[in-house]
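Two complexes follow with subunit A in common, the first pairing it with subunit B and the second with subunit C.
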Partner chain A sequence: MTVLDEPVRTTAAPPARSKRKVRWSAAALLFLVAFLLVPLLAVVAKSFNASSLAILTQSATWRTVFLAALQGCVSTALTLLVALPVTGVLARFRVRGGGVVKALVTVPFVLPTVVIGLAVQQLLPVRWNSGFGAVVFAHVLLNMAVVVWLVGTLWEQLDPRLDMVAASLGAGPFVRFRTTTVPQLRPALFAAAALVFAYTTTSLGVVLVLGTTSTPTLELDIFRRTGILVDLSGASVVALLQLLLVGTVLGGAAYLQSRTSQQVLRRTAAPAKPRPRGAQRVGVAVVVSVTLLIVLAPLAALLVRSLRDNGSWTTSWWSGLSSLDRGTTRLASPIAALSVSARTAVLAAVMAVSVGATLAIGAIRSRSGRVIAAAGLLPLAVSAATLGLGTLLVFGRPPLDLRSTGLLVSVAHALVAVPVVLGAMVPALRSVDTRLQRVAAGLGARPVRAFITAYGTVLIRAGAAAAALAFAISLGEFGAASFLGRSGTPTLPVQIGRLLNRPGEASVGTAAALAIVLAVATAGVVLIVEQLMRVRRR
Partner chain B sequence: MTSGLVVERITVGYDAKPAVLVDASLTVAPGEVLALLGPSGSGKSTLLLAIAGHLQPTAGRICWDGVDIGGVPAHERHFGLVLQDPLLFPHLDVADNVAYGLRRQGDKKSVARAKAADLLAWAGLEGLDQRDVASLSGGQAQRVAVVRALAPQPRLLLLDEPFSALDAPLRQRLAADVRSQVRERGVPTLHVTHDEVEAASIADRVVRLADLAGPDV
Partner chain C sequence: MARSRVFAAALLLVSAATLAGCSSGPTAAVSSSHAPQTVTVTLLTHDSFAVDKRLLTTFEKQSGITVDIQSVGDAGQLVSSAVLAAGAPSGDVLFGVDNSLAPKAVAAQVFSPYASPNLHNLVAPLQANTFGGVLTPVDYGDVCVVVDKTWFAAHHAVPPSTLSDLTKPAFANLLVVEDPALSSPGTAFLYATIARYGSAWKQYWTRLRNNGVQVANSWTQAYSGDFTAGGGKGSRPLVVSYGTDAAADIVYASNPKPSTPRVAVMHDGCYRQIEYAGVLRGTAHPAAAGKVVDWLTSQSFQAGVPMAMFVYPARSGVALPSVFTKWAPQATHPLQLPPATVAANETSWLSDWGSVMGRA
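Coming up: the complex of A and B.
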């Protein structure tokens, strides 16, 4: 029989809430406080003063806020528009190569933003390869994965029979989508839209490569004030402004999400997804090919760039990869950089999933769940530049010098990944019938055992997906890694960034080649995890 | 020309697997309540989904009043569908659930809700209009599902074991209710079940799935 998602907050206390769980959540929150809040406070304390508040009265500041918000809204709307068709196709149908499509769509999200900027720049004709349109295109490319993963996870769980019933009542395909599918997807749509908005309004790498005066972001302003003008007090004011703006949007989305998350009819058994038939085959083929074109064209342009030298074909950028560090101490070999990246990413994934899963469990089970969930989203609102600077101030020098351990980059990456982990795990955990735990307890299971019985499978499945995403995010993160990494052992994205900063044809060609290596590595990870999860599902 | 539903020797299968339903024929005359008996897993639901337009037969014809409706999409067939679970729209209240089909026929929201309230009262469910569907009992939810299916005045009602998730006394009461409801509205009904007693109590005529093979019943 069908089990309706039970209301998360009932008037009666949720079952078997123990003090231990609250303590676990507290430990996870402590991680956020130590590595997010303390550095943030350090930045503020160091530089915040009354005179810097004058920034708030300058019209240029508000122009930036307005343009960043406008760009964020357009980017978010277009991302949803472009990503929803493929999300639906993959969620509803058994498509041959569907896992590959999902992995490919994920690749841009986890690539360094400067690389995406570079790829879009290489793809578009010169007339359009910078400015508002180019930035929005890059943002759509980057963030499609957010929609495919967050919305797709929920979409796959919707009971397909509801669609049949709606059809029997006279609703055509589009009306069914509007009146039954969209309302049920609302919590995931809110979450995805809020995340994309947060990512695009605080964009740095893309704007650095493709931006003009029409596409400023507060993040760029912070970056300039911190790195170039050394105006730390100004940077801190702008950082707080950004925190407020993004925090408001995320908080609003979390509120809407908590209000709508009970209105979903989930499938209980998991009958095999149907293969598309008849006209559906055409629709699926069109959606998948258009999506692949959008994703692959920039990557192809990048690949071409890595093989071109002043109008002729060459393999020298590729063959030069192994001897990259010749003549400079700043560049390690790509193999070394890849292993640094992988090590960093494994650590980051472990930390992000430990913290994220604990927060997710706390969010659905404790009375202060909404607060815990909101806390987990906080890292989104804090820019990489602010976070990196603050972390250096607190943990980068004696008595607490963690920088030399190389751990700080992993910690920062874990923080960046926690919101995504939450986004993947909270909806999945909410889908568990809470009565299962009571049943298990009734059969004599101890609290922990009963919890594992009820939530174990979902925890492992959602946890694996979240770990893969966290790993991939860490592989491609650029901002925090360039702030916190040790100069002798850069991660792959940092190395790409350094190359792009050096003038010359060779640098761009080599950067393009390295970006391809990173893209293949990331796609591989995502694909492997997709396969693992599919085996587990059987 | 035969009026009502005529299923002519259809074969239905999923993907590449062997067909679940082979060469089945069936007729539902106007105003008739037909019960289709068969053990679980025998292809009853498959037949129902093919008639509703959600599965494409690989062979045979499905006709309504003598016209082949094989190419007509599910939402244009005007066949009501009630499955094992109520499958109420979770984001709509009870009245909006019942009003859903009326809205698709062009009724304004307020008109559709008023009609829905009348229908609910007619079915003995007065006062439930504004209830959240999650707060209904299993029996109430399934009754709402039947009313929702009847609301847009379907040409045919398809019931797939609609009471199997309920306990026995409730099942009998609901079967009696539905029987009188479809009679009163004169809706031809195809009721699929594995319960012989239920089949006999609700239907004018009972056929067994095993007897469907071949030209006609």
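Coming up: the complex of A and C.
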């Protein structure tokens, strides 16, 4: 039998299974088990008390589940609706300043959620700046980047000729979109929707600043139990419930994603995306301007906030950026904080991409691919507050005290980034024509060589995008890692969080200025990566 | 088998990391018989903890103790993590447990007995507050209703002066409070009303509700969103916040500093919060941990407490900065509940409050 006599299939082929890949995935899964499940289960084991199971029979719990799911669905649908046009524009056309647009859309995703909450609060009229609408607006803003990156990465790979063929056969733009583009994008759409749903149903920072009784989440309930009641047993039960519910949704999405995957018609190496022409130019301009308006308005509100003092304009918060609280252990200078953040983020990105890429390869190549793909999304379902407590419990005291190695914060950040890495890489890898590898093998390439021939380009492209995202996520992360803070060297998000917890114009003003610094740093990272990728492509 | 080799390698990695962690870890302090004794003490605290770095360095030089400050989220999360690790702690000494959280930590046997020689230097009412000899008071502060003076002046109105004023029509729709189940100043304000009204507290809250009180999820939401003097676009000139806000309003203003703050404190209905430090049970360095508690209550540390953390020093005879004496005097008759009463009733109070406010 030759490698080529197999019929062409449209659904994803379980390609040449390799035991080697499964073993690498086992190591990556071990990382997740060690740093995700062990801490969570340690908290449960340490505190569980059967009487807390009564929580599962309380109507308030299920009201929270219902309202969180409702809010999550609305947030997810609106995020897709708002983000898909710009995703398509950036993926299909060579738009002047497209890299800047993508970088700006990424900024809200990686800013600490509390900061986005503050920005939306400052932006919206007082009538609407809290409640369901405000929370959903903040969630859309935060998660547009998920769609742009996850769906965009795959969309860019599609061969525009399929679309042209459909057009020449008389199909209008919407029919073409529905019949040729959407089916090919489906796995990335499922991945993005699942991620956004998980982020928004487990939201905490946004809900604390913008929420009302109409927007509870289980994570908020866990926050209440660990932060006010010290009801750790109850927190464990709610954390397990959240893991189960969100985990089920993520598992379902992973299943759908693998079911709908197909090898896409890949654009051939050469000529790059076309510039928009004629009516397209108007469409592109409208989509880009509306997107920029949505993304820039809250950032502008933050910038304005950093320049306001009690109703008048000031540059005090910027000029005093490094002198506020100087000499105390509370705040370091922004430069010091940025360098701590950057060091942490490099390590986190390396870990997240190693683990995420390994899982992604395992997910498309092994028999248990769906399980592996779902496992990689699990960090989204694990309560950040519980994870923080558990990490300190397991890795923050003798005999296994990893705090002084400085790795623990990076590990916590990497865990948060793994699902995004996976989301960016799996659809892209699945789109590769698996016969390439067989051809290479048939021509005598050794297995690794054959794998690289088939997947190398996609791995590098998707991997670089994932690394940039992971780095940026770590820069802005302020969840589980807030339990692992060293007072002497706080990261930027921790500094911002501390400032927002006390009164005084300088506190909010400086926090807003620091948030702008973080936003610029994030946008810079994304732009540099985009630039590097463009150089590679030439 | 190859598979087991991978697991073996992973195990090796983990143990290598462990070794690395232990060898440089703060708890594995190295002492040699020749060099002067040095020990590292890990101080677990919350995000609001701050100290002048020079004070820290001076203490470290004089005592031979290196203090590794680890902040563990907010006060509640700090206590939760200590409760989980009771007996085998992730640090040696803990600062930041307040009178509402202390009973839970003490009941979980988080602390070892320690009697600081500084106890008798503390202000008289605090000396006996040791929760059976395990905790040492370090500072205290009040949670009060904070008033936007500018707003009331502009509206030619007189601000409220008592808790019962808040239920009058003159102050309808003017107050924002934090959800006591989510935010510790909110919890403190609920306790203030329970301390004042006893079993009639639910009626008081019904009146507050009918008078249009707004409930926020967090202090940040209330202060920077709903309060008129928090820099946002809020419409409520009364907010539950901290008694020292007026001092912070001046200290954290741009230069030149204003001569008067924009906010004032309503002195009735303030709830007193006391923050404690304690030696963690299971520490390998109980003596050095005790020395850190002594340092936290020493004259030099206590003198820096107001400006570093915007609370009052527990030690008596410590001079306050003028911005405190002038604008942020402590409440003369603060409200308090016995910690044991709080511990016994907290859950039911919070759920009753939820029912009264239609937030269950």
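As a working rule, the second predicted complex is superposed on the first by the 503 of 538 C-alpha atoms of A that agree within 3 Å, B and C clash if a C-alpha of one lies under 4 Å from a C-alpha of the other, contacts with A are read in each partner's own complex, and residues count from 1 in each chain.
Here, contacts are C-beta pairs under 8 Å (C-beta built on N, C-alpha and C of every residue); 3 or more make two chains touch, one makes a residue touch a chain.
In this text, all values refer to a predicted model and were calculated from it rather than measured experimentally.
In the superposition on chain A, A:498 makes contact with subunit C only, not with subunit B. Contacts of A:43 after superposition on the shared chain: subunit C is touched, whereas subunit B is not. More residues of subunit A lie in contact with C than with the other chain of the pair subunit B and subunit C. In the superposition on chain A, contact is made by A:226 with subunit C only, not with subunit B.
Residue contacts after overlaying the shared chain place A:184 against subunit B, while subunit C stays out of touching range. When both complexes are overlaid on chain A, the residue A:165 reaches subunit B alone and has no touch with subunit C. Overlaid on A, the two complexes show subunit B and subunit C touching no common residue of subunit A.
Contact residues of subunit C toward subunit A in the complex are 2-3, 6-7, 9-10, 14, 17-18, 20-22, 24-28, 45, 47-54, 56, 68-74, 76-77, 79-81, 83-85, 88-90, 101, 104-105, 180-184, 187, 216-221, 223-226, 230-235, 241-242, 245, 248-249, 251-255, 262-263, 284, 308, 310, 346-347, 350, 358-360.
Those residues of subunit A lying in contact with subunit C across their complex are 19, 23, 26-27, 30, 34, 43, 46-47, 60, 114, 117-118, 121-122, 125-126, 129-130, 207-213, 220, 223-224, 226-232, 235, 305, 308-310, 314, 316-317, 320, 325, 327-330, 385, 388-389, 392-393, 396-405, 407, 482-488, 494, 497-498, 500-509. Every residue of subunit B that touches subunit A in the complex is listed here, in rising order: 14-15, 49, 52-54, 56, 73-81, 83-91, 100-101, 104-105, 133-134, 138, 148-149, 151-152, 154, 158, 165. Remark: subunit A residues 1-2, 4-5, 7, 159, 161-162, 164-173, 175-176, 179-180, 183-184, 186, 260, 262-265, 274-275, 277-278 touch subunit B in the complex.
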